[in-house]
Every structure is written in C-alpha cells, then in structure tokens.
Amino acid sequence: MSEKISRRDFLKLASVGAATTAVLTGCGPASRYVTREPYTKMPEYTYNGLSTYYATTCRECAAACGLIVRTMQGRAIKVEGNKGNPVNLGKTCARGQATLHGLYNPDRVENPVQQGRAKNFATEAMTWDAAVQVVADAFKNNDPSEIGFLLGMAPDHLFDLVSDLAKSVGAPAPVRFGVLSMFESRATLSKAAENLLGQSGMPFFDVGGSDIVLSFGANFLETWLSPVAYTRGFAKLRRGDPKHRGYFIQFESRMSLTASRADEWIPILPGTEGLVALAIGRLVAEAKGGAVPRAFASVDPAAVATQAGVSLEKLEHAATLILDAQHPLAIPGGAALGQSNGLFTAEAVLAFNALLDNFNQTGGVYLSPLAPNQDEYHRPASAQEMTDFIEKMKSGAVKVLFVHGVNPVFELPKSLGFAEALASVPQVISFATFPDETALASDYIFPDHHGLESWGYQRVVTGTTQSTLSGAQPVVSPYFNTRATADVLIAAAQSAGGKFAEALPFADEVDFIQSKLAGLVGQEGSFLAPEINTFAAYFQQHGGWWKKDAETQVITASNALSKSLKVAPAEFAGEGEFYFLPFVSPTLAEAGANKPWLQELADPTTTVMWNTWVEINPETAHELHLENDDVVKIISEAGEVEAPVYVYPAIRPDTIAMPFGQGHTAYGRYAQGRGANPADVLGQHFNEAGDLAFAGMRVKVEKTGVKKILSRLESRIGVYGEGMGEEH
Amino acid sequence: MAENKKHSEHSHKSHEDHLRETHLMLDPMPRGKMNEMVMESMHTTSWKFWAVFALLSVIVAWGLFYSWGRLILEGVGIAGVNRPSYWGIFLVNTVFWIGISHAGTFISAILRVFKAEFRRPFTRAAELMTTFGLVQAGFSIFMHMGRVWLSYWLFPIPNQRQLWPNFHSPLSWDLLAITTYLLSSTMYLFLPLIPDLAMARDRSTGWRKTFYKILALGFRGTEGEWTHLRNALNIFAFAIIPVMFSVHTIVSWDFAMATRPGWSSTIFGPYFVIGALHSGMGAVVMVLAVVRGTMKNMNYFIRPEHFEAIGKLMLIISMGWAYFFFNDYIVQWYGGDKWTKTLLHWHEAGPMGWMWFAMLIFNVAIPWAILWNKKWRSTPWLIFIVGLLINVGMWFERYIIVPISLSINRMPFTWRLYEPGIEIPLGIGTLAFFVLLYMAASKLIPLVPVWEVQEGHMDHSLKKFGRETVVTVSDLE
Amino acid sequence: MTQERTLLAVFSDIDPAADALDQLRLMGVHDEHMNIISGIPVTEAMLGRPSQWTNVPRLALGGAAGGMLIGIFLAFISPNMYTIEVGGQPFTPVPPAVIVIFELTMLGMLLSTFLGVFLDSYFPSYRPMKYVPEISDGKIGILIEFPLPDEKKVTEVLKKLGAESVQYTEAQHL
Amino acid sequence: MTVDLNKLHAVGAIAEEAEGKWGMVIDQDLCTGCQACVAACAMENNIAFVGEEDAGYGRSMHWIRTERFWEGEYPEVRMTDYQPMLCQQCGKAPCEPVCPAFATVHSQAEKINLQVYNRCVGTRYCANNCPYQVRSFNWRDYQDSRIRPEITILANQFNPDVTVRRRGVMEKCTFCIQRIHKAQDKAKSEGREVEDGEFTTACAQACPASAITFGRIDHPESLVSQLARMPHTQHHLEELGTLPSVTYLKGA
Amino acid sequence: MVRKFFEWIISPMGRIAALIAGLSLFTLAAYGVFTLQQSPEQPIQFRHDIHVNLQVQCLYCHPGALRGASPGLPTLTKCWGCHQQIAKTDTSPRLAVLKDYIANGKDIAWVPVAQVPDFVHFNHRPHIAAGVNCEDCHGDMSVQEIAVNPQVMNMGWCLNCHKEKAGDDEVKLTKLTDCGTCHY
C-alpha cells in the first residue's frame, strides 16, 4: 500500500525526523515532495481534482435507500442520500453513512481463499479461475436437489439470479434470511395481514399522515423495516401540520430509542401488548357508541390494565386522545411480535386499526405495493423455516451450500444449531465480503464486491407507497481482488455446461440485470426510456426506477372486525425472575460491528460505545447489589452470556434488556472479541407464524464479581446526579 | 547543675553570650575563615550525596526526559487529560512551581527593601529556588502543550506571515510575564553572586578555577564595581517586586479570565500571590532545614533564629491565605449561581472531597497550631514538616482549582473525573530535576552570600540600655 | 616601563586604610591615581573618597523606555499588521495592552540594569589584572599608580599606618 | 433625562444579535437521537475514531453529539428531548480571545468561528473556555498509519477538502466550511449568489427527520431565518453573551 | 585541561576556530534542510520548454485548473494521444520511457513540484478567474526544461499577492486575508 500516496496522505508520510521537520513546516510532511501515484488506471476525467457523484443503493440493510456517493480520484469519499429515491428522499441513517468504512475496511477478504473451515482466516490467495472452477465443479458433481443456497436480504438481483438458476436446474429455491427481519418478525406481520385481511403483503403504516400514533413495541425509529422512511414519517407527525403536533404513545417494557421520543411511554408487561390494544379498542368502541365489535367484546379493560401492570386511567387517556384525533394509527412491531403470542398481538393491533377505520387512508395502514419487476412478495425465511433448513442440512440432504450476504452462525440463536448443521454439509462456499463467522466455517471464501463496488438492484418492500426499484452501480472500481458473485455464478454455470449454462445465458452480471429490467422499458415512471440501453443508463443515473404516484394494494377489511380473536397469553420459556428482551442496536444493527465509526457512535439511549451492556432497572439493581459496570451472567435454558450492567432508569423492574450486534468471534479487528451476543441465550421457541419468540424467555441474572467499565459518551455525574444529589 | 545553669542565664555576662551564640550577626568570624567554611561546604561531598545524586539522575532521565519524549511522540493522550479536564497536573505543577519560585524573590527583594536582617545568610538559597522553580514551571507548561515544537509561535518573533501572538490571550501575557520573571530572577541571582564567585576563584584550583574565573567575569572588588553592583541591586530589589506580583496574578488570570464557574473570580490575583508565598516560604524552610542538616558548616550560617523568623512570616502568610480563601469562597457561595454552587458542593462532597479538607488542614490548621509557639517554630525538623505539609496542601489547592474544578462545567452531559497518567512520572521528574539542580548548585556555587553576611556583621552590635543588653543594627547602606 | 607599575598596599581594616588614604593625599597622590579594592562593599564615605559615578540608573531608565516602546509596538501596532478578530474584542484593546507594556517595560529596565553593570564595570574581562587573592579574605587594598612623589616614603608611611604588605604589583591572570 | 442604552454600550441590557451570516436551527422535537448526523459529520470531516478506552474517558472526537438527560424515576421517568450539541459558532466566542497563537479566530468573511489546525499549538485553553464543551482534541495520532496501520486503507475515504489532523491539535465543527467554499465558488463561477438550500452541512443533509436546517441567517426569507423566528426558540447559555448562531426549537 | 581549553578559546586563534566550527555546523544543518526540500526525480524527463514552445497550452494538459481546485496531471492516454502520431517518439531515448509505460500498462507517477502543505486548500479556479496567469506563480515554462518550483510558496508570499489584488476593496481584503479562506 505504501507506494499509493496522494495529497491527502501527506500527514502519514512524516518519517523518523517528524519532530524536527515539523518545526519547519508546521503540520507538514517530512519531505516537501511526495510521489503522486495513480490509484488505479483511471480515465482522464477522474484525475482532475473534481468530484464525481454516482447514484446507487445502500446495502447496509434491505430497506433500499438510494444513495449518491461522492467520489474523487477513484475513491468513494462521502455518502449522501438520493433525493429522488422515494424511500429516503435524500436522507440517510448512520449505518448508511458508515458504509464507506465497510468499503475501505482493513479486514475485507482481499482474494478468493480456500478457508478450509480453519479457525483463523486463511490469507493464501487462489486465482479466480480456480475459484470459478470450484463452483462449477460443485454444480456438476452434485445433484441439483442437493445444492443449497442461503442468501441475505440484499441484493435482490442476486436473489433473482439464484432463484432463476435453482428453478431451471431443479434445485431447491434459495433460502433467504436476515437477522433484522428475524427481529422485525416479518412473517408474523404478513401472516397477521393474511389472517385478518385475507391479503398477503407487507403493511405500511403512514406515521406521517397520522395525528396520534399508538405503537405497540414497534421500534420504527431504529432498525424496523425502513427506519429512514419511518423517521421522516415521525418528523411529519410532529411538524407536518403547523397547527397541530401529532401525539405518540409507545407501549413497551423498555424505553427504546423510539419510546424515548414518545410523548408517553407506558411500560407494560411483555406479552400483553395485544390485550392492551384490544382494551383500548374496546374503550374507544364503547365511547363511540353502538355495538362493540366481536374482536373487542371479550376483553375487560380493567382486568387488562391490572394484568399489564398499567393504570386504567392511562388506557382511558389513550382512548380519549384517539377519539379526538382525525387520523389515529396503531403499529405492532418489535418485541411485541417476538412473543409466543406475537401473531395474536399483530392481529389485535390490526383489528384495532380496523376499528379506527384507517385502512387505505392518510395516516393509516396500507399494504405496500409490489416493486416494479416483482410478481409476488418474497417473504424472508422465518426462524421456524430456518430451523427446518437446518434440519435438512443436518440430515445430509444438502451436499453443497452457497452462502451470500448473511451470517447465520452469528445471527441465529446458538440453540438452533446452525454451526453444527454447517459442519455436516460436505462443501460450503461463502461469498462473504468480510471474514465473518460463517465465512470462516466455510471451505472457500470467494469474496463478493462491497455494495458500493457492485451492480444490482434492490426492491423496496416497504417504506413508501410508490412502487420502487432501487438501482445499484459501482461507484469505484473494486479495491481488492474481489469478484461479483453473480459473475462467478454465471461463469461457473457456463463452465459447468448443460442446464446450468442454459439457466444463465448471460454475458455477465450487467447483462442479467438488464434482462430483468427489460420489462420496465417503455413504462411510465420516474423516467421513460424507449429501449433497454437508454433505460439502463437512466437507471444508473437516477439510482433506480419508481412509479410517480402512490400505488398501494387496496385492503378490503370488511371482515376484520367481525372476526373473533383468539386471546392467547404469552408464554415464557425457562426459569428465572426476569423477562429477557434482546433488541437490535440502533447504530450497529446486523452488520455494523466491523465499522469503526459505528462502534464509536454512542448508543442513543445509553450512550455506550464499543460494547454490549445489560439494562437493568435501578431498583432491581439495588436489590441484586449490582452497580454500573458489574459484569453479570445471564442464564437461560438455552445458554448463558456475560455482559456489564448499565443501570437503566427506564426499564421495567422485571425485565432486562440487551442489544444485539456485538459479540463477534470473527468479522475483523473492530468486531472480534468485543461485547456479547444475546442470541446465545435465545431458545428454540417460535410464535404461531413461525417467527422466533426472541422476547419470550425468562432468565436468571448472576453477579460474576468482575467489573468492565463501559465506555459512555454521557457523564456519569451530570446526567443522573450520582454522587452529587443536586441538579440533574 | 541545672539550677545553676538556669540561674546563670540571668546574669548579665551570660545573657550577652547567649545573644552572641544565637545570633549569626553577633557571632562574627574573620572573613578568611568564613570563606574557608563556605568553600569547605562545597568541597565536602559524602558518598550519600552521590548516591542520592545518581538516584535522582535516574529519576530525571526516566521521569522527565524519557516520559517527555514519549509525550511528544505519542501525543498528550498518554496523560490523563480529557474532556472536560483539558488541563491537568501539568498546569497544577506549573502554578505550583511558579509559587515555589516566589519565595526567593520575596526573601531577597522584599526583605532587602525592608532591611530585614535575618534574610542575609539564606537569600541565595532562596533565589536559587526561584530560578530552578521557574525552570520546572517552564517545563510543565511546555509538557502541557500538544505541539510543543511549535511553541516559538507564542513569542513575538518577526515572521513572513506578519502574524504575531495574540495579546488578547492570558496565556500570551503569561508567557511574557514568566519570561520576564525568569530572566530577571536569574539576573538577580547572578549579580550578588559575582563577588562570591570571585572569592571562590581566588581559593580554587583546577577546573573549578576556570569555572569560577569565567563566571566571576574578572571581578576584583574595586570601588566602581561595588558601586555599580549596589546600584543595580537596589533597582532590582524594587523593580522585581511588581514583576513577581504580576507573574502570579497573570497566572491566576489564566483561570480568572475564563468563563467557567468557580474560576471567574476577581480575587484570584491576590489569592494566588499569597498562595504562592505560602508554598514558597514552606519550600524555603524545607530547603534550609535540609541544607543545615546535610551540608558542612551550615549550622553556623543557618540557625534556629532564622527558622523562627521565617516561621513568623509563614504564620502571617497562612492567615492571609485563609483570609483570601474564605473571601473567595463566601462570595462564590453567596452568589448562588447554579453552576458555581454545584462546583463548591463538588469540591467538598465530590469524590475528591478529602483533598479539599486536607488542603484546609495542611494550609491553615497545622501552621496555626504549630507556628504560634516560638520554640516549636525554631525547631528545624518540626518546621520542615510544617513546610512540607503546606506544600502538599498548596499543591492540593491547585489540583482542586485545575482538574477538579474543570470536571464541572455548564454542560452536565460532559462532566467527568480526571485520572492522571504520565503526569505522575513527569511531575516526579520535575521535582527530582529541581532537587538535582539544587544539589549540583550547592556544590558549584557558594550557597551563602559571604559578602552579605560580612556586611551584616559590620552592621550589628550589642548595646546596653541600663541593665539590658540589646542587639542594634546600624544603617550602613 | 616604570610608569605602568603600581603599588599595592593591603590593609586588614577600614580605619588604617582611611588614614593611609588621607596621608597619601597629603603626600600629593591624587585621588584619581588611587583605587581601592575590597572583598566587602566598603563605601566611599567610609574611606573619605569622592563618590563614584555610575551609569546604571540612567541605563535602567533608558532600558525601561525602550522596553515600553517594544511593548507599545506589540500591543498596538503588531495586531494591525494582520487584523484578526477574536471574540468580538477590538483589535487593540487597552487593558491587555497595559499588561504587555508593563511586562516589557520591566524586562527592558531589568535587562539594561544588568547589562549596565557589565558596561560600567567592563565585564567580562579576562585580561590580566592587578590583584591579590587576599582581598577576598576581607583585606582592603589600595592601588597607587605611578608616578609617585617619593616611593620609599610612601611605602614607609603605609607600613607605619598598618599596611600588611606594600609591594609593586604586576597584572596577572586572576 | 433618558439614557440611551446603545450609547452606553450596555451589553445585556438590550437584546443583542450576533452579526451572523450562516446559521443553523435544530428542532429538538424532531431529533430522534439516531446518530446519523454524527456519522455523516465524521465521514465528511475526516474525524478520527479513538477506540473504546479513549472514548470512555471523554476523548471521543464527535464534533456533534446528542445529549439527553433523565427526569424522574421509574415508572414516571422521562427522557428529555435529544439535544444535538455542536459548535454554536458564537458571535462573541469565548474560545477565540484566549488562544495565544490566533489558532481559533472569527472569520470576518463568513462570520463563523474558525479553527486553524496548522496554527494550533495545543494549549487547549479554547476548549476549557468553551461553555458548550464542543471542542475535541487530538489526544493521539489517531490517523497516523504508523500507529494505526489500518488507516492506510481507511484513509481512502478521507475527504481531500478537509485537513487530516494529527496529534496535539484542537478541532471542532466548522459548519462544513469546505462546503460553504465550494458552493460559493460554484455560484461565483456562474455569476450568481448562493441560493438557499443549494447546499447544506453534512449533518443537516443526513438527518432523516430533517431536524437540522442550515442556511443564511442574515437573509430574512431563508428557511433557517424563518425557523429561527419561531416563538419557541432557545439559544444555549444565552446569559453568557456568546451570541450563538445555532438556534434550538424546543418542545411543541 | 579545561583551563587550557578556556585560555585557548579566548585567544584570537581560538575565537576564529570557534567561529569556523559554528559556521560549519550551521551549513551542515542548512544543507540537511535543503536536501529535504528537493523533489525526487520525475519518472519521465518531461521537457516543458519543448511542449510550450510547440504552442501546447497549459490547460491542455492541466485542464482542472480552469474548473476546480486541482489542475490535474496528465495521464498516459493524454501523452500517447499525441505521441503515437509523432515520429520522434520512436527515436528519442527520453521517450523510450513513455513507450515502456505504454507497453507495460503502467501509470505515470508524476512528482508535483508546486505544492502547498495539506492544510492549505488552494483552489486554482478563482485565481485563473481573477486573471492570474499560470506563469505568475509557476514561472515561465517556455524556458524551463524539467519543471522546478520557481519560488518559496509560503504564506507571506500568498498574502502579499492577496493584499495587492484586494487593493482598497474592504470586502475583498477581508475575504482574501481570512484564515478560513485557505485553512480548514
């Protein structure tokens, strides 16, 4: 690397005599002169000191926010939001900003390597020709039915390519999984929609158009579904109408970032969210007069209040506010769905929305439109389905497994046994960009480009009412010797010949993408192109293609209210005095742990940096003789995990919470060996829709006697008044 | 026997003897012999001296130079400073050493101006402290800086940018004041040293001869030379006093000019000056006790009467310090500003509250308890301990003013404690360097201004008023 | 050659030295041709000598004035060479200027006082000089320059008045 | 007899306005504390990350941070609104006069508070004197590849328009002065004035809730001026007379 | 020993020797600094004088100067665009390097000569827009063989010109002497 020196690398060049020469030149270099090496062979126009901006799509989560990346002399310098993209309208979240630290991460897989399931990352490079041959051999030497594909939530074009390939050759359809979707309980949401409305699809909650929002555990300002879009909605809720500021109540056992922005945070017993929704619904229905719909008839608000540990007045107050509101809205989500009765909760909240009569209304509930080149909504695999897949792997029915864009060894609860299942698969080929846990457990790592070096597209599942396909293009040429997985698969399929070659008759990835875009040529949308080449050029330039107008699926919710809901109490697995609440870290999310600036960001609610913590109510902590930074052991029926205590003033005394995102055993220097993974204590429990009941555990807490000082941005003196007894 | 002795003390003759014994100025000695004694004190070096010297050299090499090198190369991060305590022990030490340096000027200038005769044998010992203390203060300031290699920007040097230092900044004033003070106190140390160097030149051989010859500048003691010297010393004695006051006042302004709760106080100037004298006198007493105890012939020059006199001064200064402290405290307390009150509470009840109480005990309670008694304050080891405690107390005072007060500001989100890092070896290093310089100086230059003591011998005599014999001083100068 | 020789009489006390000076004056030795060297400051008045002229106070004043000018330059002129606004304060505020001017005035004064001693006393001077080391042991020496009215008589008188030694002296390395 | 307070320069007796050019309005009711601004700022301005230990010791280099406080006890506990705290670009900045080297000065052209890195000698007086505690110091050579070899790769992301700071230098929010210059340069080359909303700071650009607005505070019709005239505005520590350029919108 | 040295050093010979020793130390130090300020050798011995005298405009190879901060240094494509049509390319030994680069597909690692430190954000565009010619700062390239920096580009040099150009225009002077104009 040392010969690649540019103007901005001056300061790094000061050599041994730095101190002496610095006297002469201020902060200047040891030598006035440096050799300016070109970064790569680049065309003339990139070499004149002017920035070039490229539109692409963010790959830090699956929400498909559009990005404009500023590049200069072949480097990506800054990520900005794409103002055209209907999902984010020019805005980005912290993770999107830090995607550059993924691109220029010092711990990327730089070459294709034969990992051989070694404990440490293998660094000896193979050639890409050999790599393609390995993939081709895997295609040829196995029966198609024994080939498994495990894909992440992004990118969609690769999913399409693999789906096409699998379909053509008779392989099982690719399994798609993402830890965010696990914590979002997507299966539960769509199942509830199906049960109650008779329509499958992803509901979209128009927070911005509403004037009172009741959120039942939905952490929509953090990582839930499409955080940037929902945050914009939240801003509109507050300031959209200059005369009326929208009101927001959050029911959640812990004050999350979302709850902290609520006007009222009501800490109810975990698992009672559905009941509370029904109780408020009943109060509303009664106040409105007329018959109470069947769905609500069976609940007794007073009893529910007692059960949920909240005063009836609060519920009545919420009901009053709803009655006064023009566009009330209720959102189910987060930990409320990750309960054994999650499906009931989702149905109850949707029924509540039906009672409020806000389907297809401003400030109400929509079903998200399908993306432009999509025939149906492909829901990611639920945890139950993943368990089935794991069983399949264990049974030996999978002879070769291709993994891309997902890290199940880390993300899935240990109790599901993915790592063991992986060991029983004869050949595992990973396309990971980073040496994550799953990649290390593979036979080969054939690194894909980073998202900013890649072609592709991503469908917008939710986040906007416009049907949107967000386009991706490389903003810089690949920094390392990586290759697009789509290209590898195409090359390997052609090398394997036969039906494989027939399945992927494309020159390369771009050729494939254009074939998928062909259907949009001539359609009215964000731009109109008469033929595919023009379309592809515009597609790159605009960062995607989207319909100009909102186009949602019409919900026919006539029978939603007439249905009787089966009230299911939440069941908690295991023993112990605490409900265990894992939540996704708002700043790190699923894949942020290896980006140093994301680690350095303070968690919004606790301001902890670079580590994992356990949130415990001050009273409880006092009872257990725990103080800040005491390392505790959390023991569930499925396992145990250790992390330092953060005495958190806004959590139920019977609940402890822990963020997901850290605790990597691999994944580069910034992530490895840092913090703990709450997934280690999660058991094999699912709700009726097959999603993991991640919040349905009871745990014991044991003091270990060890202290680990958590790095906090906040003061330990000024914010709580510890040791001072005055002000603040 | 004892009774006899007691009785005999009342007799006229033995009282006179007693006066002569206790008062250096009444106990004259031929100049030649006195010179001999001073030279002997410089030449007599025990193995203990060298052992301590070697140990201190190691400490200086590690604590000061190695640690400082690391500090420069790795950045200030290896020290304990953080947000919000951007200033740490470096500034504490700076203020502390400048405080120590005040004693020299106080003793040799103010006491000279007021013709306090007891000053004579130890003016030089005190002036050496001024210069060496300022060297440590300068070190501490430069250690504190993030990019010390650019510190020349702080001095008004003509440059192609036409950019001069910012004289709005108290730090610029500080730099000017400390430079002025360092230069003037060094000159003030050197001028009265010339005759003694000439003396040493006349009585040495070998390299010492050359050394003293260079330093004595060819002084012979002609009438002209003495006249110029005396004139210069008079000017210095008067002019260096305002400089001394200005230095510590400006140091206090570094704090008082800031918009921070607790710092923005108009009384900080005199409060710092008296604090400086407090620690300075304490340090002088310590040095004198050590010099008297370890160096040959020094118990002739430094006698309990000197400790007694300094002890009285210390008592007065301690009272003054308490007065200013209380003045500062009650005004801040009464003002009732939210942040200031928080800060005061933090001082007393915060995690470092013990330091606040220790400061009051060491600076006020202990000196008051011990120094009122003439006998106690004449006892070298006892007053040494008092001096030591005062210095610890004064260091605590600066520690409370700098890092502890910095923990509290108007942004409670950033409040944070300060934990020293490499400041500790560096602080020990400056202390060791101070002692090392002093030890080297004690072997190289006459610690006692022989000519001034001799001059004093001419001034003093005994006179009888009726039955009483008293000491009288004539005004020769 | 004889003109350059000097007679050095060493006394151990002030009174005989003062008497000797009176006698010498009576014998016609001019005050200008006599010089006293001593190890402690013996004032002119003690010996009845005319008072010495010294430039030190004048130099100190001059230095103070020079320092003040530099201070004024730094405080009022240098900020105008590159005008930079800080904290809404004027470019050349008076209160800080007082401090700058004060410090530089004092520095100028003390530096020039110090240098004044050097200038007036011709320091440093490592040339050979007429001196005996006993002076620093508290003796008082009278240097009498030639030509003398009567060398022998002078020596005798000095001896009689208590001179410990009277001898011709040559410049030597100190 | 009436006394003209203006003539007496009775600062504080009459409302004083900073002679500002650029201004920022932060709507605390919208801020969700999501840290997007912090990340965007870090990426735009080559801010160093300091690692776990230093970050926990108050040495993090965030130019903008979201503060929050707690009120009350469970279950009536309340978190105050998130309060993004960044350099307030004071009209009368306490940090400026105390720097002995003129390293932090008031830009007479842009009316903002500048930190001139190459002039900084690291006395840290400015940070002490900043009532908002928004200055961050380069405690170590965080961005030196000899100390952190991985910087060699991460440095590809560095913004060439912003100096990479080395140890011993103070730094702080610059209102993205590089963007100001760029926009002004572009406008000048096209022979026009910079339009409102033509460019914005990195934090404002990223903020998903659009809680941050940046623009010309001296143009009454700009969005930021209109917001700054709203009734529920607040300047932090106004009583110190620092005349901040950042206005906060509080509550409903 | 010490004494003898002292006597010698205060003698006239000694003083001269001390002077010589001091001077040589200073010269050595100055030379050390000087070597640090020398540019490394250019990969291609590019003759500015020949090209300028052939009427090649500065902006042809450094087009960025007109539009942005950095003027840019020409890449191989630009060189080869002309040189592949020139017969001399095949004969000149100096151009053999260029052919070698083309043959091996290497890029040219130019050594910029007119540099300002990293903390100075120099922008070419406004300077050219203000009517400053290239040669005002870079010297007359029609007489230079291998490019060298004609002057010390320090802050005083920048400021002198800025003050001169601003003249009596207060607004302009403010802008052109503002620290934030170049340092951020």
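Brief remarks follow.
Just so it is clear, A, B, C, D and E label the chains in written order, and each chain counts residues from 1 on its own.
Note that contacts are C-beta pairs under 8 Å (C-beta built on N, C-alpha and C of every residue); 3 or more make two chains touch, one makes a residue touch a chain.
In this text, all values refer to a predicted model and were calculated from it rather than measured experimentally.
Under the contact definition, chain B and chain D share the contacting chains A, C, E. Once CA atoms are averaged chain by chain and compared with the all-protein CA average, the nearest chain turns out to be D.
The chain pair with the larger count of C-beta pairs in contact, out of D-E and A-B, is D-E. Among the remaining chains, the Cα-based centre furthest from that of chain C is the centre of A.
Chain geometry summary: the mean Cα position of chain B and that of chain E are 54 Å apart. Chain A and chain C have centres, each the mean of its CA atoms, that are 88 Å apart. If you average the Cα atoms of chain A and of chain D, the two centres end up 31 Å apart. In chain C, 82, 84, 86-87, 89, 126 are the positions where the chain touches two or more neighbouring chains simultaneously. Contact with two or more other chains is made by residues 69, 117-119, 159, 179 of chain E.
In chain A, the residues that touch at least two other chains are 7-8, 10-11, 26-27, 714, 719, 728.
Contacting chain pairs (ordered by label): A-B, A-D, A-E, B-C, B-D, B-E, C-D, C-E, D-E. Those residues of chain B that touch chain D in the shared complex are 74-78, 81-87, 144-148, 150-151, 153-154, 163, 165-166, 168-172, 175, 254, 257-260, 406, 409-414, 416, 419. Contact residues on chain B toward chain E in their complex (touch as defined above): 159-162, 206-207, 209-211, 213-214. Across the complex, chain E meets chain C through its residues 10, 159, 177, 179. Across the interface of their complex, chain C is touched by residues 30-32, 35, 156, 161-164, 166-168, 172-173, 176-177, 179-180, 183-184, 187-188, 190-191, 195, 198-199, 201-203, 213-214, 216-232, 235-236, 239-240, 242-243, 246, 250, 451, 454-455, 458, 476 of chain B.
Those residues of chain C whose C-beta lies close enough to touch chain B in the complex are 35-44, 49, 51-52, 54, 56-57, 60, 74-75, 78-79, 81-82, 84, 86-87, 89, 93, 96-97, 99-100, 102-104, 106-107, 109-111, 113-114, 116-118, 120-127, 129, 131, 133-138, 174.
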